[in-house]
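There are two complexes below, and they share chain A, which is joined by chain B in the first and by chain C in the second.
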Partner chain A sequence: MSGPYPLYVPKYPRSWWLRKGPYRRFAAREITSMFSAAVSATLLAFLFALSRGPKAYEAFLRLLDSPWMIAASAITLTALLYHTATWFRLTTHIVVVRVRGQTLPRGLLIVALSVAWLGASAVVAYFHVWF
Partner chain B sequence: MLMGDRADAPSLGQVLEWSDSAVVPPRVRLPRARGPRALLEAMAWALFSAGGFAAAILLPIHVAILGIAYAAGWLPDDALSYERIHHLASNPLVRLYLTALISLPLYHWAHRFRFAIHHQFGIGLKKLVASGCYGSAMLGTGLAVWIIFFRL
Partner chain C sequence: MVLKVFRYRPERGPEPYFDEYEVPYRGEMVILDALNYVKDELDGSLSYRWSCRMGVCGSCGMMVNYKPRLTCSTFLREFYPEPVVVEPLEGFPVVRDLVVDMTGFMEKLQAVKPWIIRRHESPVESGEYLQTPEEVERYKQFSMCINCMLCYAACPVFGRDPDFLGPAVLALAHRYNLDSRDEGWPERHQAIAVDWGLWDCTFIGECSVVCPKDVDPAAAIQREKVARTTDAMLSMMLPFGGQP
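And now, the complex of A and B:
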């Protein structure tokens, strides 16, 4: 890359992403993926406990049944909902849906994704809790 | 420094005249990347996207049920009983669903965390970071398949 002229390489401090609101929101969006992975790991542990029989499963349920779990879950849920919101936002920026030569407005796509999200949540809740 | 500051710089009128008469060559399109590298990158992006959707649409309700509603006592008494949940998780469709639910967000995390290490933490080591992140996601997928299909 370097030619006859010295190449100017801007040097950023490590904390560049804490400097401005948009940078912080970007970093927050990226950090939500940590919570997704943590939920995956928790679900895996839940199924592992389930596979080891009723005793291990009851022990895992006792772990879930604590005020700390509610607090951690509330933080996790907030992060996941932030991910959902930003994910729908960026999806509707990337995906262009055309119907009979007309581009659907972004607002409509966000409504459609939200309806799909609510529907999927309802189906999961039905099977998880009441089926 | 603007060009107009220099004595020998062309005037704006000259530039506009040239630009009108200029022949604009067609844009050179780079050939589409092919081969195993391009395939791996396409797969990483596809899994990232699928994981983003799984995490956005499916994970919140699971956290709400297992993390909050259960501990708060909002669920019916036998909702999470061992027999019921074990029976539910024995269904082949539910097993496929659980495998996707657990593994896809891991690829989403791997993709984002990989770049967070480079951009937020300012660490290089591209190959090590990529193999560590995607490797963890694959390990998680393997564990999920093992537990869901061979232990449950």
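And now, the complex of A and C:
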């Protein structure tokens, strides 16, 4: 429907993701996903060092103990905690669990996922600390 | 109370501008009442769409203080005594003042075939296609859309590329795919698995936040992605592509 007069077509800014709180939170969610790639890369480097023998392995452990690596790990952990929390919130929008014809409320799913996550983390921590 | 209204009058020039109007304040007045007051008493040249005045027809969606809202159900008291900025829905071309061009939306709506598709139509004499209450419940939420397009105005993917099929249309496709009477998902999938279709939604989720009917288009789109991925995986793994 253009009619006799031209339409006015407003420009949508490239910086849309900075404009509103929800958009900024979306951008944060997407950006923090890259930290999981960083964790995977670190694990691969760890395995690579392990394959090269005890010296390389020790050197890699010293690298992980360095202050800047500990700081990077703290930032990564924070980012991943944020990403995981947002992921659970989103997952419960997508997944529909029906029990005896009733759809389970989203809140219950978020709690169940969080409990499973904490449980898995506790198992990993147990093996990491005591073995 | 001051209403700051976006104006675009193409016969006057290519650039939009804002007009300010002083409207009387009453607690029970909605933004649409204020616009009607402007039109009736102050400036008859103001153009905007409205019809039912009760949140059903979906005509009066506008940006109210930079958020997509139905103006018939947005009260002045929410903003009083501060001024209210009223603009046309974001992301759409503007025809005039607060009226946006819906042509693209209407074309997309048709493209996803929002009707029951059967492989073989039964004759009328054989009666209705029956459904259980549980089968209705599966899609009912997604059938409540009133095509007000607020979800489009909230969607940056659509804002950046107007070709994106968008939340309401994709949710409608999902609604018919969920319908137990429908057998048309492969046909509909051709329409939505396109450039700027289903897979371009990045799940920002604001479409569901602004939806006045709690349709939750963001959920519909993600569930459609899951359904189609499952179908694709099964067709790869099962003999004869899982077809009987």
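Basically, the second predicted complex is superposed on the first by the 118 of 131 C-alpha atoms of A that agree within 3 Å, B and C clash if a C-alpha of one lies under 4 Å from a C-alpha of the other, contacts with A are read in each partner's own complex, and residues count from 1 in each chain.
The working rule: a contact is a pair of C-beta atoms (placed from the backbone, for glycine too) under 8 Å apart; a residue touches a chain by one contact, two chains touch by 3 or more.
Nothing here was measured: the structure is a model prediction, and the numbers come from that model.
Among chain B and chain C, the chain that touches a larger number of residues in chain A is B. By the touch criterion defined above, A:40 lies against chain B but remains apart from chain C after alignment on the C-alpha atoms of chain A.
In the superposition on chain A, A:58 makes contact with chain B only, not with chain C.
Applying the stated contact rule after C-alpha superposition, one finds that A:50 touches chain B and leaves chain C untouched. Of the two partner chains placed around the shared chain by superposition, neither chain B nor chain C is touched by A:82. Of the two partner chains placed around the shared chain by superposition, chain C is the only one that A:96 touches, whereas chain B remains out of contact. When the shared chain is aligned, chain C comes close enough to touch A:22, but chain B does not.
Residues 12, 17, 30 of chain A are contacted both by chain B in one complex and by chain C in the other. Chain A makes touch with chain B in their complex at residues 12, 14, 17, 27, 30-31, 33-34, 36-37, 39-44, 46-48, 50-52, 54, 57-58, 61, 64-67, 69-70, 72-74, 76-77, 80-81, 83-84, 87-88, 116-117, 120-121, 124-125, 127-131. Listing the residues of chain C that touch chain A in their complex gives 8, 10-11, 14, 16, 66, 90-91, 93-96, 101-103, 134, 156, 159-160, 202-206, 208-209, 216, 218-219, 222-223, 226.
The touching residues of chain B, when paired with chain A in their complex, are 51-53, 55-72, 75-76, 79-80, 82, 85-86, 88-89, 94, 98, 101-103, 105-106, 108-109, 111-113, 115-116, 119-122, 140, 143-144, 147-148, 151-152. Considering their complex, residues 1-3, 5-10, 12, 16-17, 20, 22-23, 26, 30, 90, 93-94, 96, 101 of chain A touch chain C.
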